[in-house]
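There's a structure below that I have some questions on.
Letters A, B, C, D and E mark the chains as written, and numbering starts fresh at 1 in each.
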Amino acid sequence: MYRETDIIQTIPGTDEMVINVGPQHPSTHGVLHLVITIDGETVKKVEPHLGYIHRSIEKMCESLSYRQFIYTTSRMDYLSAHINNHACALAVEQAMGIEVPLRAQYIRVVMDELTRIASHCLWWGSVAMDCGAVTPFFLAFREREMINTIMEETCGARLTMNYMVPGGVMFDLHPNFQRDAKAFLAHFRSKIDEYDELVTGNIIFQNRLKGTGFISKADAISYGCTGPTARGSGVSCDVRKWYPYEVYQQVQFDEILETAGDSYARYLVRLAELRQSMSIIEQLIDNIPTGDFQAKTKAVLKPPKGEFYSRVETARGELGVYIVSEGGTTPYRIKFRSPGFSNLSALDHMVRGQKLGDLVAVMGTLDLVIPDIDR
Amino acid sequence: MSFETLANWVHNWLYETLHPTVALLVEFAIVGVLIIGLFAVLGLVLVMMERKVSSWMQLRLGPNRIGPWGWFQTVADTLKLIVKEGMTPNNVDKLLFNMAPMLVIVVSMVIMAPIMFAKGIQIWDINIGVLFVAAVSSLSIIGVLMAGWASNNKYSLLGAMRSGAQIVSYELSAGLSILVIVVLTGSLKMSDIVMAQADGWWLFKGHVPAIIAFVIFIIAATAETNRAPFDLAEAESELTAGFHTEYSGMKFALFFLAEYVNIFVVCAIGATLFLGGWMPFHIGNWEGFNHVMDYIPSSVWFFGKTFLLIFVIMWFRWTFPRLRIDQLLSLEWKYLLPISMFNILLVTIIALAGWHF
Amino acid sequence: MTREELKQLLTERFPDNAVDDAGQFLQIQVPASQWGSFALFLRDTAELQFDFLFCLTCVDWLKHLTMVYHLRSTDYRHELVVKCQLDREQPVIATAAHTWRTAEFHEREVYELFGVQFEGHPDLRRLILPDEWEGWPLRKDYEDPVNMIKL
Amino acid sequence: MGAGSLIALAIAALAFAGIALSISKLVLKASTNKQKGEPYECGVPTKGASRIQFNVGYYLFALIFLIFDVELVFLYPWAVVVKNVGWVALVEILIFFFILFLGLLYAHKKGALEWK
Amino acid sequence: MTLKQYFSNIFTGVKSLATGMKVTGGYFLRHHKEKITEQYPDNRDTLVLAERFRGEVIMTHDDNNEHACTGCTACELACPNGTIKIITKFDLTPEGKKKKALDTFIYHLELCTMCNLCVEACPTSAITMAPTFEHSVFDRSQLIKKLNKPGSKIREGVE
C-alpha cells in the first residue's frame, strides 16, 4: 500500500520550496499548521503539524464524572457542539441502560439537525471564502445567526450549549421554539436557492472545485474518511442510516451520495444535506410528543465495568465515543474518534500534484475544524 | 467660466509677469500640487467607496463611526498608517524593497498625464495618448516583481511571479480592445477619441465589436489592476497578502493607494474610449433632453462614467471567487485573445464599410 | 456476515485467540506478534473484508497496555474489535498503516501519548506534542506539572 | 504642456511618496527586537532560502507574451491609418493575423498554453 | 472542443456570472432593509437577551437580603472546573443547636464555562444563571466574585 515516493525529501538547489501554511493563516480555519512542499505552483507534499490547540480532553475526562465530562466535548467540534454532547450522552445512557423519553429523543434530533444546518452554513461561507468570494460568508452567517438565536432561547447558550445530559435534555423546549424554528425553515427555503445562484452555479467556482482533491472510494475507506467527505466518493457511511439512534429510524431522509470523489462532489453532498436536514426537522417539529424531557437518573452515575462505544453523525462525519469503565464515577479511559482527524489524514493524498490554490479549496471542502482534530 | 479659460488665463498671466522658464516651473508646480491633491482625494474616496459597496452587498453597514456615516474613516486610516512603523525585515534587498512602492506610485501618477478629466482639462494631450497609457501601465508590474523579490519571503515571491504571468497576459487583450476604438477613430489622441464621440458614444455606435471590446476591456482592466477575481498576486486565502506581505506602514499605504489610483486610471481610460469621456449623454433628436444633458458639467460626466465602471469592478470583486492561476491564463490565451483578434478583423470591416453610425 | 458466523469463523481459524462475545462488539484477543499478519487476514479475506478501521486507540491498564482496533466492513457491515496486549515497558507492535492508511495518523497519536512503538510505520514522528516533550501524557502514571484547576 | 509634464508628474509622485514616508519616519518611535525582522511565514521560522529558482511554467507565458506584445505594437500605427488606406489594410491585417493565429495554434498544440 | 461547445461555454459562463451578480446587486440595492449587523454598544437599551442565556452564576436574594443557600456544596461537587468554592460556618439556631450555614460563596468567573451543572445540582434553587455578558475587566482578580451579599442570611424554612 505504501509507496516509496510518499515521503519526499526536499533537495536543496531544486525548484522545490517548503512553505509553512499556518498556524497563522487565513485559510486554515484555526491553528492548523501545514508544511507544504511546492514546485512552482504544484503541491508536492503536505504535512500537517497539529497540537496548537490540543487540550488533552481525553485526559481531562478521566478526572471528570459522567455528568461533567460532556461539557468538554462542546469544545471539540464547536460547530456541532450539540451532536458531540449527544454522542457522549448516548454512550453514558448505553452504559447505564437509561431509557430516554420520547420527547427528549425528538428534541435531540431536531437540535442535531439544526446544528448540522448551522455548521454546513458556516462551511458554505468559508469554502466560498477560501475560493476568494467573501460575500457568501456573510450571507451564511445571516442564517447561522438565526439558528444561534433559536438555540440561545432554548439552551441558554449560542455555541457551547451543554444541552444534552444523560437521560435527556437539560431544559424543556422554549415555548417559542417551534414557531421560531418554522420561521427559520421558511426563511432558509427561500435563501438556499440563492446559495445555488451565487456560488454553486458560478462557473469560476465550479472550475475551481471540479476535478480537484480527488479521492477514490477505496482510498476514502482506507483513509477512514467519514461524513460528506466519504459520501462525496460514493462511500455509504451515514451513521443515521446504518446505525440509527434516537428517532432517526422513523424519519424519511436520503443519504446523499456522489460518486465523483472530487471537491465539487463533496460540496454538492453538503449542500444537499442542508435540504435533507430541513426536511427532517419539518417532519419532526410538529410531532414532538408531550412528556418528560429528562429521564429520572441518579445524582451520581456509576456505569458497570465494561467498554461502551457510541457513534453519531456530526456535520463532519462519524464521531465515536469509546468509554472504558471500571465501575467508578469517572471513566477509566475515553477516546473520541473524531471525524476531522481521519479526514485530515487524507489531505496529503488529495492535493498531491495539484495547484496551491487547490490546496485551499480542498481544505475548504474537507470542512476541517481544528479543535476537533486536536481534541 | 470653463476650466479651459481659467487655465488659459493663468497661463497668460504667468507668462506676462514672470520669466518664461520660471513661469513654466510654476506651472509644473501647480500641476504637481493639483495632481497630488487629486491623488490623495481619489485614494480616500475610492477606499471609502470600496468599503461601502462591499458592506452593502454583504448586508452590513460598513464604517459608520467616524464622521457622518463614517465618511472620515479612511482619513483616520491614513493617519494610522502614517503613525505605523514601516518595517524592513532582515535580509531584504533594501534598495529594491524601498524603490518598489515609489515606482508603483510614480507609474500610477505619470499615467494620468493624457487623461481628459473634463472639457479642456488635460495635462498633456500627447498624440500617442492611448499607446502611452498601454505602455506605461505595464511598468507597474516591475514594481510588483521588485517588491516580491526583494521581500525575502516565499509568499511574496509566489505572488509576484503570479502577478507577472497575469499582467503580461492580460495586457494583450486590453491592448487589442483599445485598438478597436483606435480603428474606429483613426487617432491615438485622447482628445480626438473624445471628440469622435460627440454624436454618440462608441459603445452605442460601434456595433457589436465595440460591445465585445468593452466587455473584454473591463475583464482585462480588472486583471491588470490585480482585482478579484484576478487577485492572484495577493490571493488572501492562499498567500496571505502576496507580494506586499512584508510591507507595513506608509510603504504598504503607497501600494494600496497605487492600486486604487490604477483602478481609477483604467476605468477613466475605459470611460474615455467607450463611454465618450466628458461627452454628455445624447439621444438622437431629443433636443430638449440633449439640452438638459449639456447643462451638466463635463467633469461630472467624466467622473460619473468612471465611477460607474469602478463600481462594476467592485461589484465583480464582491461577487466572484478567485480564479486559479492556470484557469486565469487559459481564460486569456484561449478565450479573450482569440476573440479580440477576431474582433479587430470585425471592426476593420465595419470601419471600412462605414457601417458604424 | 452475522455476528454468530463471524464468531464461528474466527474461533475455527484462530482457536488460540480468545473471542469474547459479551460486549457491544465481538472482540478478539490477538498476541502483539501476530497482529501484522492478522490485520492483513482481516482485510483481505473475501468473506471478511474489514476495510475500514474506524477507531484505533490504546488503554493503559497499569500492568500492560492494550491496543484496541475497531474494524468494520463497509460492504458487509459487520464489526469487530481486536485487542493486543503490549508490555508496558517495551510496547512494540506492528504498524497497521500499510493495511489501513488511516492508522498512520492514529498511530502517531498513540505513539506520542502512550509511547507505543509501531514497527514499520512510515513516518513515526510526533504529531501533536513538541519534540522536546517528556513522558507519555495519556498513561495513568503521568502527572502534569501544571494543573490549571489546582493553580 | 508637453513632455516636461511627465517629469513634473514623476517628481510630484516622488515628492508625495517621500513626504509621506518622512512624516511617518518623524512621527514614529521604532523599536527593534530579534523576532521582528523575521520574514512572515505564518509565525513559523522559515525553512530554506526564499529566493530560489522558480518553476519554468511562468516563463513560457512571458516568452509568448513578448512575441505577441511586439506584434501588438505594430498594430497601433496600422490601426490609426486603417480608414485612409482602405480595404488593403484589411487584407494586410488578415495575412498578419493568420500568421499570428497559426503561432497561437502551434503554441496551443505544443501545450505551451497549459499550465505545468 | 468544437466551436459550438466553445461558444456555449462562454455563454453559460457569462450567464452564471450574471446570476451571481444579480444576487449581490440586489442586496446592494436592498441593503438598508436586510442588514444583518447589530450596532452593539449603541443598542444596549434595546438588546434583548434570551431569558435562559447563561452569562454568569448569581445567587438570588430577596428583599430581606435573604438567600436560599444552605452551604451543602452540591454545586461545588458538580462543577467540572473548580469554579465554586464554598466556605461554611456554624450558626447557632434559636434552639441553641449548631447548624452548618453558608459563610462565603466564592465564584471564579474566569474559570467558569457556563455549563449550568451547578444550577442543576442545587437542591434549593439558590443559584441561577444571569443573562449578563459584559464581563471584561482589566484585572483578572476582579473576576473572583463573592455571590452572597454582605449581611445576607438564609431564608426561613429552606433546608
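The criterion applied here is as follows: a residue touches a chain if its C-beta (ideal position, glycine included) is under 8 Å from a C-beta of that chain, and two chains touch if they have at least 3 such contacts.
Please read all numbers here as calculations on a predicted model, not as lab measurements.
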Q.
I need the common contact partners of chain A and chain D, sorted by label.
A. B
Q.
Can you identify the chain nearest the overall CA centroid, using each chain's own CA centroid?
A. A
(Q) When contacts are scored as defined above, which chain pair ends up with more C-beta pairs, B-D or A-E? (A) B-D
Q. What chain lies farthest away from chain E once each centre is taken as the mean of the Cα atoms?
A. D
Q. Taking each chain's centre as the mean position of its Cα atoms, how many Å separate chain B from chain C?
A. 63
Q: Give, as an integer number of Å, the spacing between the C-alpha centres of chain D and chain B.
A: 15
Q. How far is the middle of chain A from the middle of chain E, if each middle is the mean of its Cα atoms, in Å?
A. 25
Q.
Just the number, please: Cα centre separation of chain A and chain B in whole Å.
A. 45
Q | Per-residue overlap in chain E, given as positions that touch at least 2 other chains | A | 17, 20, 23-24, 27, 36
Q | Per-residue multi-chain contacts in chain D, two or more chains | A | 41-42, 46, 54, 58, 115
Q: Note which residues of chain A are touching chain D in the complex, please.
A: 10, 12, 14-15, 17-25, 33, 35, 39-42, 355
Q. Where on chain B is chain A touching in the complex?
A. 54, 57-60, 154-155, 158, 162, 228-229, 231-232, 235-240, 318-327
Q. Okay, in this complex, where on chain B does chain D touch?
A. 24, 27-29, 31-33, 35-36, 39-40, 81-91, 101-102, 105-106, 108-110, 112-113, 123-124, 128, 130-131, 149, 151-155, 157, 161-162, 164-165, 168-169, 171-172, 175-176, 179, 182-183, 186-188, 240, 245-246, 249-251, 253-254, 325-326, 329-330, 333-334, 337-338, 341, 344-345, 348-349, 351-352
Q | Residues of chain E touching chain A in the complex | A | 12-13, 16-17, 19-20, 22-24, 27, 36, 49-50, 52-54, 78-80, 113-117, 120-121, 129
Q) Inside the complex, what are the residues of chain C that reach chain A? A) 23-25, 51-55, 57, 59-60, 68, 70, 74, 77, 97-102, 104-106, 109, 122-123, 127-130, 137-138, 142, 144
